[in-house]
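Attaching a single structure in structure tokens format; questions to follow.
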Amino acid sequence: MIWWKRSSSSLLSVRGCRRFVDRLLGGAGLLSALLGASLVIWMLGFVLVESWPALQQIGPLRFLTDTAWYPTLGRFGMWPMVVATVVVTIGSVVVTTPVALGSAVYLRFYAPPVLAGLYRRVLWVLAGVPSVVYGWWGITALVPMIGRFSPFGFGHSLLAGVLVLSIMTLPLAALTVDTALGAVPRDYLAAAAALGLGRRAVAWQVAVPLAWRGVLAGVLLQTARAIGETMAVLMVCGNVVQLPVSLFAPVRLLTANIALEMGYATQLHRSALFVSGLWLLVLAAVLVWAAQRLERECT
Amino acid sequence: MARCGVGMRSRSAACRFWVVGLLAAVALSGCVRGRDDGHGKAHAASTHRDASPSRLIITGSSTLAPLVAEIARRFEQLHPDVRIEVQTGGSSRGIRDVSTGAADIAMVSRDLDESERDLTAIPIARDGVCLLIHKNNPVTSLTDEQVIGIYTGKIRHWEEVGGLPQPIVVVSKAAGRATLEVFCQYFRLREDQIRADIIIGDNQEGLKAVANHTGAIGYVSLGAAEYEAQRGLPIKLLPSRGVPATTDRLADGSFPISRTLNLVTRGEPSGWASRFISYCCSEHVHDLVEAFFFVPVVR
Amino acid sequence: MSPDAPPGIRVAIELERLTVRYGPVVAVRDVSLAIPPCRITAVVGPSGSGKSSLLAAINRLVDLVPGAVVSGRVRIAGQEIYNGLTDVDELRRRVAMVFQRPNPFPMSVRRNITLALREHGVRRRELLEAIVHRVLHDVGLWEEVGGRLDYPAHKLSGGQQQRLCIARAMALDPEVLLLDEPCSALDPLSTAKIEELLRRFRERYTVVLVTHNLAQARRLADYVAVLWQIEGEGRLLEFGPASDVFENPQHELTRAYVTGLTG
């Protein structure tokens, strides 16, 4: 369609060349998009294929109805781990959100610019600390501390999991919330200031309510990410498969289940662990879906 | 109008993205299913056995596999014309593979029984499991009945077995671990009878958990426990049936909670299999055996 | 100063050699002006002549711009506002501002109005409701929005949003109303409604209206200040009663501007 134009003048041939580059870039973009999509779907397919024997031979229902998790004895109750994973995630969001919000509001509205810059850099560094380090801190400092208050006499618990997860989540959550607050249109801030609202009111009455969904979406996404960092949680949660009856009770999360047993599992046991992975994918999908919904309604 | 157009376009692009991704995924998961089919691998490999370089297939116990894999690596360096393939799948799989000729050598972490008399077992190492408590715990020994009582939740306080007035924190291992298997076998417990407070994965976590709680009791690989105790970790290794938990007593066969790790062949070993098994029993690999916290079998 | 100011005070806002700089850029230089109370004063001029900066200096909103420096004097009812004693939040309550683009908060109509009131200490529910009613009546929104005070503000039309912004400002019972091209984003019908409003407010507030719509200035203004960009800096060309500036401009540039030859 364009070839005759290209030959008609030098100007148009430049345009033709540009069009060619456009197509090249478009093709490359499509290719990388394809690669990304197929990787994700390949992974999903892999987990499905691997968990298929368990789903077929044990049946999907028994993962919920079996009373306990003794995979080597043919008992595959996964429900307590699903509940524990959800509870720890919610707990972490509840702990992280106010702290991240407070620190981000301080950054945006109170801190002198130099200090804010410094603080942001510290947060970035903290965000890069590997989860094992947090786990190590959890096991040497946090768990003994909780153990002193625990009615059970030891600190490996739901609470320890929530706290370690929160601390891992906090730096990036604070930065995401900071970005969400930064995205509040200047118009609103100017309007608020022009109404004689003080800094506190501008921040908490105008900026925070406006950024609220973005804030929650950010915290959700960061929590979803952090829960995948299995090592820290594995080290402090106690890993007993039971419903979380108390903050101080040990629990096992789905991620920890995989990490604990995968190296030594065979046949159906191994396949059942992939079912844990499937559950995790479902939970992560729910989290991301919720976060995206919040973000979309936010704009 | 223009805005609407953009929206439509991105939607159709997203649509294309997913369709192509889905196709790719179907193709890929087909590959996975075709390739990854448990035992088929060993069979396929064994048919090529006569081709040069020579090939040894070893399957079986996941307890032994990491050690044998390390020895195999060293053996291959000495004999570049041999390729050794080590696969896990449990002792029973090893025996089955050797019986059918699918594997040359089986790794078996138990003694052979009557029905397996046509096979030859050569012990290459011993694996012991010892009970440990915190160093400050005044208890110096427990009878087997007391240990069973503690691990089944019937005994919950140290006072009941002559210790301090504090609750017992029971540390156990995750499903599938060899240590758990040995422990259960010795005390004639089923996995689902154990009432644990903390479930750990590897020996290090177990040692750490006991060292952190004065009221804890746990069991780990004897070699690992002795090594850490000598390096000053505040733990105490409990004797079993009056026999102190030391690697010397494990090596001479007097420590009761132990098992023999065997290499098994059909009939008498010959050729490369024979040479490899001899190498596994030689002093050249004692450093590796000890690195995995087993004790070499001394002849 | 209040709407019924004592007759002795003839000047509501006094600018004396006001200069606003943003870093190296001088937006407004050496502007001296006496804006009379309870009149509409229009500030006109081409874009870049410093109209908005001048306006933002009057309620110290310019403080929000990083690197902004204000020199000279600004007095409101005789009180200097650029000194450490000024309570800026109180100043902004007294000197309300309406922006070019309607910017109601994305909350309910009611909350848009009560938010600032609460912050300024009005807590009693009946009083809050009464004020909401009064200001919505004043801007003619009451009939249009009716009982739906919980209606989300951002779902109103552009003109309604802008009138809500005016109502929001009026709720604080200010003395001065600063308007920064309040109709430039609106259709003619909405513009007419707002102009009607301003005409009614003339008696009650000192209104400063920045506009580049000369026709609007002719329709509304009692006094007119003409700003011009000279050598990259905003300068005051001329100030006086609207009739003088439009019929008998003193400055060549003003003459050309008001007759539509330049600008």
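Lettered A, B and C in written order, each chain numbered from 1.
Everything below uses one rule, namely that contacts are C-beta pairs under 8 Å (C-beta built on N, C-alpha and C of every residue); 3 or more make two chains touch, one makes a residue touch a chain.
If you're wondering where the values come from, they're calculated on a predicted model, not measured in any experiment.
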(request) Select the chain whose centre, defined as the mean of its C-alpha atoms, is least distant from the mean of all protein C-alpha atoms. (result) A
(request) Find the chain most remote from subunit A, comparing centres computed as mean CA coordinates. (result) C
(message) Taking the mean of the C-alpha atoms as each chain's centre, how many Å separate subunit A from subunit C?
(response) 47
(message) Can you compute the centre-to-centre distance for subunit B and subunit C, using the mean CA position of each chain? Integer Å is fine.
(response) 79
(request) Using mean C-alpha positions as chain centres, tell me how far subunit A is from subunit B in Å, no decimals. (result) 32
(request) Pull out every residue in subunit A that's touching 2 or more other chains. (result) none
(message) Could you list, by residue number, the parts of subunit C that touch subunit A in their complex?
(response) 59, 61, 64, 88-93, 96-97, 99, 101, 103-107, 115-116, 119-120, 165, 168-169, 172
(message) Show me the residue ranges of subunit B that touch subunit A in the complex, using the header's touch definition.
(response) 17-18, 20-22, 24-26, 28-29, 32-33, 36, 62, 88-90, 93, 166-167, 169, 174-178, 190-192, 196-201, 205, 208-209, 212-213, 215-216
(message) Quick check: in the complex, which residue numbers of subunit A touch subunit C?
(response) 185, 187-198, 201, 205-206, 209-210
(message) Help me check something: in the complex, which residues belonging to subunit A touch subunit B?
(response) 30, 33-34, 37-38, 40-42, 44-46, 48-49, 68-73, 75, 139-140, 143-144, 147, 152-154, 156, 234-235, 238-241, 250, 252, 259-261, 263-267, 269
